[in-house]
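Next come two complexes built around chain A: one with chain B, the other with chain C.
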Partner chain A sequence: MTAVEVAGVGLHRFGRFDGSTTADLGVVAVRRALAEADVGRGGFQAAFCGTAYGGVAAGHRVLGALALTGPPIVDVEAGCASGAAALALGADAIRGGQHDCVLVLGVEKMPRGVIRSSFFPPWREQAGLAATPAYFALRAQRLLADAGLTKADLAAVCVKNRAHGAHNADAMFRSPVTAEAVLGSRVVCEPLHLWMLCSPNEGAAAVVLRRVDAAGGTDGRHPRLAAATLRSHLPGNVLGEDSPLAGLVDDTITAPTTLAATDAYEAAGLGPADLDVVECQDTDAARELLAWQELGLCEPGEQAKHLAAGDHTLGGRLPVNPSGGLLSKGEPLGASALAQVVELVRQLRGEAGARQVEGAAIGLAHTVGRGANASAVILTR
Partner chain B sequence: MAAGPVEPAALNLRADGSIALLGGWSPSSGRYHFPRADTCPYTGATDVEPVELSTQGRLWAWTAVTAAPPGYDGPVPYGFGVVELPEGLRVITRLTEADPARLRAGQPMRLVADELAVGANTVVAWAFAPDPSVTEGTDATEAPR
Partner chain C sequence: MRTVPAANIAAVGVAAPTLRLAAADVAAAWGRAGGRGQCAVCAHDEDTLTLAWEAADTAVAAAGLTTDAVDGLWWGTSRPPFAEGPSHAHLAAALGLPAGVSGALTAGSAHAGMEALLGAWDAVAAGTASAALVVVSDAVLPGTGTSMEVAAGAAAGAVVLTTADGPATLTARSTHSRPVLDRYRGDGEDETRDSYDARLFREQVFLPALAEVGAKLPGADGQRWSLPDPDGRLGRAAARVLGTAAPASAAARAELGDTGAAAALVGGAAALAEPGPLTLVGMGGGRTTGVVVEVSAPVPGADAVGARLERGRAAPYAEVLRARRRLVPAGEQVEMAVPPGSAMFVRGGPEVLGLLGGRCVACGTLNVPPSIHPTCVACGADKFDLVPLARRGRVHTFVVNHAMPAPFEAPLPLAVLDLDDGGRVMLQVVGTGAELAVGTPVELVLRRYAVERGVPVYGWKARAVDGEGTG
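After this line comes the complex of A and B, so read on.
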């Protein structure tokens, strides 16, 4: 049976790096991943590069700077899931018998300020109907109402993730925050305050995937990629990440995150109860709480109970976003999903330092965003 | 020259200055949609008939945009939300009320024209405004559940 292992990972930390190009960031991540995997020129048969704002042939620019061109290089855009889409393509190419070793990378330098997306026609911007944080805010308001949550619960997510991120040298924000400070930051779009929203920024990540033809466990250094799935939305949800102008009066439409997670659980032969650690999309604090229920980590409406119990805080039953999440790291779209994979690999190897989840053996990474695109990745030790 | 609609496929601007949202109805899928398209966005059916949507609805979600997003020259803050129409549709819309504390779930709303600056020009967008003419809980615009 063909399995896929993570042979090596590399990261360029997330932040703002004036004077560095997208390719510069990618070079750092790729060098580190290839060194970890002990793979050099000719050692991989294809490369898949996730990026949303990187422009034409971003992957070629990275690998060109490293004299690693020659194999096919495929640039992949899938919004916030771009890196995961690249990972899924790479894994499928190995499982399908096409390649033995594949390089997956994600690079991004996001524009500053509110994300401007070519997804929207100009008239929607002119009408004020393309303000991304406003869509997040409407979804947050509905979640608060439907799940019986308050703004204090949103602040608690920020406190949790920023506390985790304080232990992550690769994060953009490394200072813990208090709930009072979160609620004291300015309102961007009610009920979301500035510190409840992640910052678009810059970074890169790389993962080397390799075929394993032996059954059984791993050596503890090279986790298995048990699943990497990508799904788009089913139509009808007015607040879906596909940002339609209208939707149906129907609250039963399955979310793309649930579609991707269900596929991933099935492919890996396990379920949410088996997970030891999760990295999930926290573009805003409410998005993480919604992901808990969409991924099956909790029943709808039970978020407050789990927040109060600290179930998803480091030291709790199932830590979520031990890396600090996007709220600490910031979000470079093409790189963020692969940085989650880097975090899971570190957790499964037991090398996450002060943010280590004790005994982590099974991890899930999740993104969801524009498209809509949702991804789920499961790694096992 | 009079201001035109911000998007002709979504908005009908009448000579008297009133507006209507342009939607579609697919008999085979039994669904309305907005804005009007040749294909029903929920089923893929192509038997779409043009309709003008109801001008009254109920507020389902709302917020206020406090800083001008990219490509937007209109006033800030501005109200932004979702109104449920009796056609079984939830429509993204500007709101004339920019203070979220003055709005509530299920509040009756009515469609109004909203003139916006685009560079040196003016366009007409749609917005929903609180509708004081509707008595709570007794009108026919209550969206089906």
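After this line comes the complex of A and C, so read on.
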């Protein structure tokens, strides 16, 4: 199969930027990525832009501002996996022989406050059943019961990720927190407190993908994109990310995260035991703990043991979310999946500074969100 | 006075709202001393419809009937949830009665409860209904700071009337009419006025009317009887002046306050457990009606009346004011995305109110809600039988939401439920959710979800039940 490398990455840090438009943020990320890859006008043959709230032709606005239009630009929406969906399309376009070099970007300026999603049938909002954090909390509550976890374990995830994020200049929240402070923040949706939920915010990320055997070649220092997969939920999967009303009373249906990860492991010829570093979806603290088991990082119900052992903390066996995760960075839907890729690239290049995972050679990035959509991306050095 | 053929009571049920307001709390809030007694108040999601449903559902179950056997519904209430609109149809749908159900909604005064009882009696006697459900309910919205605020309560009662032999028989009736202004509410007015002088009416209107009605009521022995008691003194005055026994309705009056259109039946319901004559008296709008019930054997459901009426909790005055929407937060109220008159409501209303699921003809899987599942999630087939879902189940998972915009009340508990028939639904939960856990057994009850653009919107909520008996 044709090999694809990540020739350059760029990021506009995550936060709130009232003076900037969506395109302004995207311009910063794209300029940086193109500069790293040493790609200029005419150097890429297509662009794929992930965004959920960016409006019509968000990618065109970014590339228009850079005077880089002309190639096909495809805007992609896949909820929290929007950026990963764009990445998968770009990689497939290269593997299919259509292009040699593709620009993938993700941009977002999230509305303030609780995410109002047009995904839900309107009558569910009428009935008070559709507010987004309540939905996360329903899943969290069930996980606590199934996995024997407590709110203290959820707080421990926040402590871990915020400690990681303290070393990330691109994160929105860069101060470490204590478990007491997390549990002392106000209850939003029992069992989730405010600090256990990521903050919807703004940002942009960009990735240049290039065929390894293309003209100009590669000097071998760029990480390879070993897999980029996207899956939706199977019918009847109820507490994945789909409407919990849509249910079979059958909790054995494979979750979309597991579907995407299984596809990615197979495509890369790797497994969870091969991973050195993971970036996963921590929309809320419980979501990360669920991802551990859905990605095969641990057996169901063993999260507490791994938390206590520090297995997934920097310096541990398999660091998860060394970037600080969404709990530190916040979540601009279109950009967040690509920002994970940016983090993995930096880790695999050994450029992650104080949060560097020693000897990181294989990394996995995971998103899951509204749709349901789930993605898994594997990078190798 | 002509006699009419008798009708028999097959079963009885009652319902009381969640909140109890102490008169002393109200007095203290207004800087007054004293205040005795209490009254029952609807929680923010209860009203005359939800109370009527609970009483009727209880009565039908006590009668051992299935709802498709009920062919008439008579509902009397001074305050239908829709001043002009589908009140009767909503109650019928929530109860799961056949679409061809006959009957009437009687309203317009606190006498409406007796009018419903008489209407159903006539229909059963005439043979146009074979199993008639009579429901009476009331929930006054009194003016804030008025004496009625601590006197007027809320409750519902229901009986199933049949021509078949029953443990109790309606044997005699008598009505007295006089155009006087007692309880009053004008068109478009929210609050019920108690503009009349209590003592004047007690002495000059109510007691004479009771005497007139009683004199024309064969079998009314003045021993066991019930009546509405607007100021809490009428029952005692009647006993003293007319020489009757103290009314059997005194216990319900003390627990609930004056329940208006529901008072005659709710106050007399417990007495249906003991053989002997019982006289039910209802009043309102200048009319007074007495009905004699000859009880020959304990009426099913009567033994549960006392405990049902006491099912309530003390609520501070501020909570009552919030529940009655007298105390509302400033600022924006979030409108629902779908107006109640929209096509989505017209199409989706029945499945919400009837709590229906789509059972796949091919594989038997329940798809919920059916309108957003045109294709079976299990097998992909597209033929369904619409079926009512089980009203009991267990909590699969839950959340207590503290982040709801107005007009929702926070904390708002939500739960995903695994119903006993295999359906899975997500619903609001009654109360604060403090008693919830994964696996908690629940029953479903009708509640008002919202008043959207002035239109009440109803649906089902889960309520934790004691014990493990969910089969």
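Assume the second predicted complex is superposed on the first by the 371 of 381 C-alpha atoms of A that agree within 3 Å, B and C clash if a C-alpha of one lies under 4 Å from a C-alpha of the other, contacts with A are read in each partner's own complex, and residues count from 1 in each chain.
Criterion: a contact is a pair of C-beta atoms (placed from the backbone, for glycine too) under 8 Å apart; a residue touches a chain by one contact, two chains touch by 3 or more.
Bear in mind that the values here come from a model prediction, so they are computed numbers and not experimental data.
After superposition onto chain A, the modelled positions of chain B and chain C overlap sterically.
Contacts of A:Cys189 after superposition on the shared chain: both chain B and chain C are touched.
Judged by the touch definition given at the top, the superposed model places A:Val56 against neither chain B nor chain C. Look at A:Arg142: by the touch rule set out above, it reaches both chain B and chain C. Once the two complexes are overlaid on the shared chain, A:Gly236 sits against chain B and chain C alike.
By the touch criterion defined above, A:Ala67 reaches neither chain B nor chain C.
In the overlay built on the shared chain, the residue A:Ala134 is in contact with chain B and with chain C.
After superposition on chain A, the stretch of chain C that runs into chain B among 115-123, 169-177, 295-303 or 403-411 is 403-411. Taken together, the two complexes place residues 114, 121-123, 125-129, 131, 133-134, 137-138, 141-142, 145, 186-191, 235-236, 238-239, 244-249 of chain A in contact with chain B and also with chain C.
Of all the residues in chain C, the ones that touch chain A in their complex are 336-338, 344-345, 348, 352, 365, 368-369, 372-373, 377-378, 380, 396-404, 408, 411-412, 414, 416, 418, 422-428, 433, 437-439, 449-450, 452, 457, 459. Of all residues in chain A, only 114, 121-123, 125-129, 131, 133-134, 137-142, 145, 186-191, 235-236, 238-239, 243-249 touch chain C in the complex they form. Here chain B touches chain A in the complex through residues 6-7, 10, 23, 31, 33-35, 41-42, 60-67, 69-74, 78, 80-82, 84, 88-92, 94, 100, 105, 116, 118, 123, 125, 143-145, going by the rule given at the top.
Within the complex formed with chain B, the chain A residues making contact are 113-114, 116, 121-134, 137-138, 141-142, 145, 186-192, 235-236, 238-239, 244-249.
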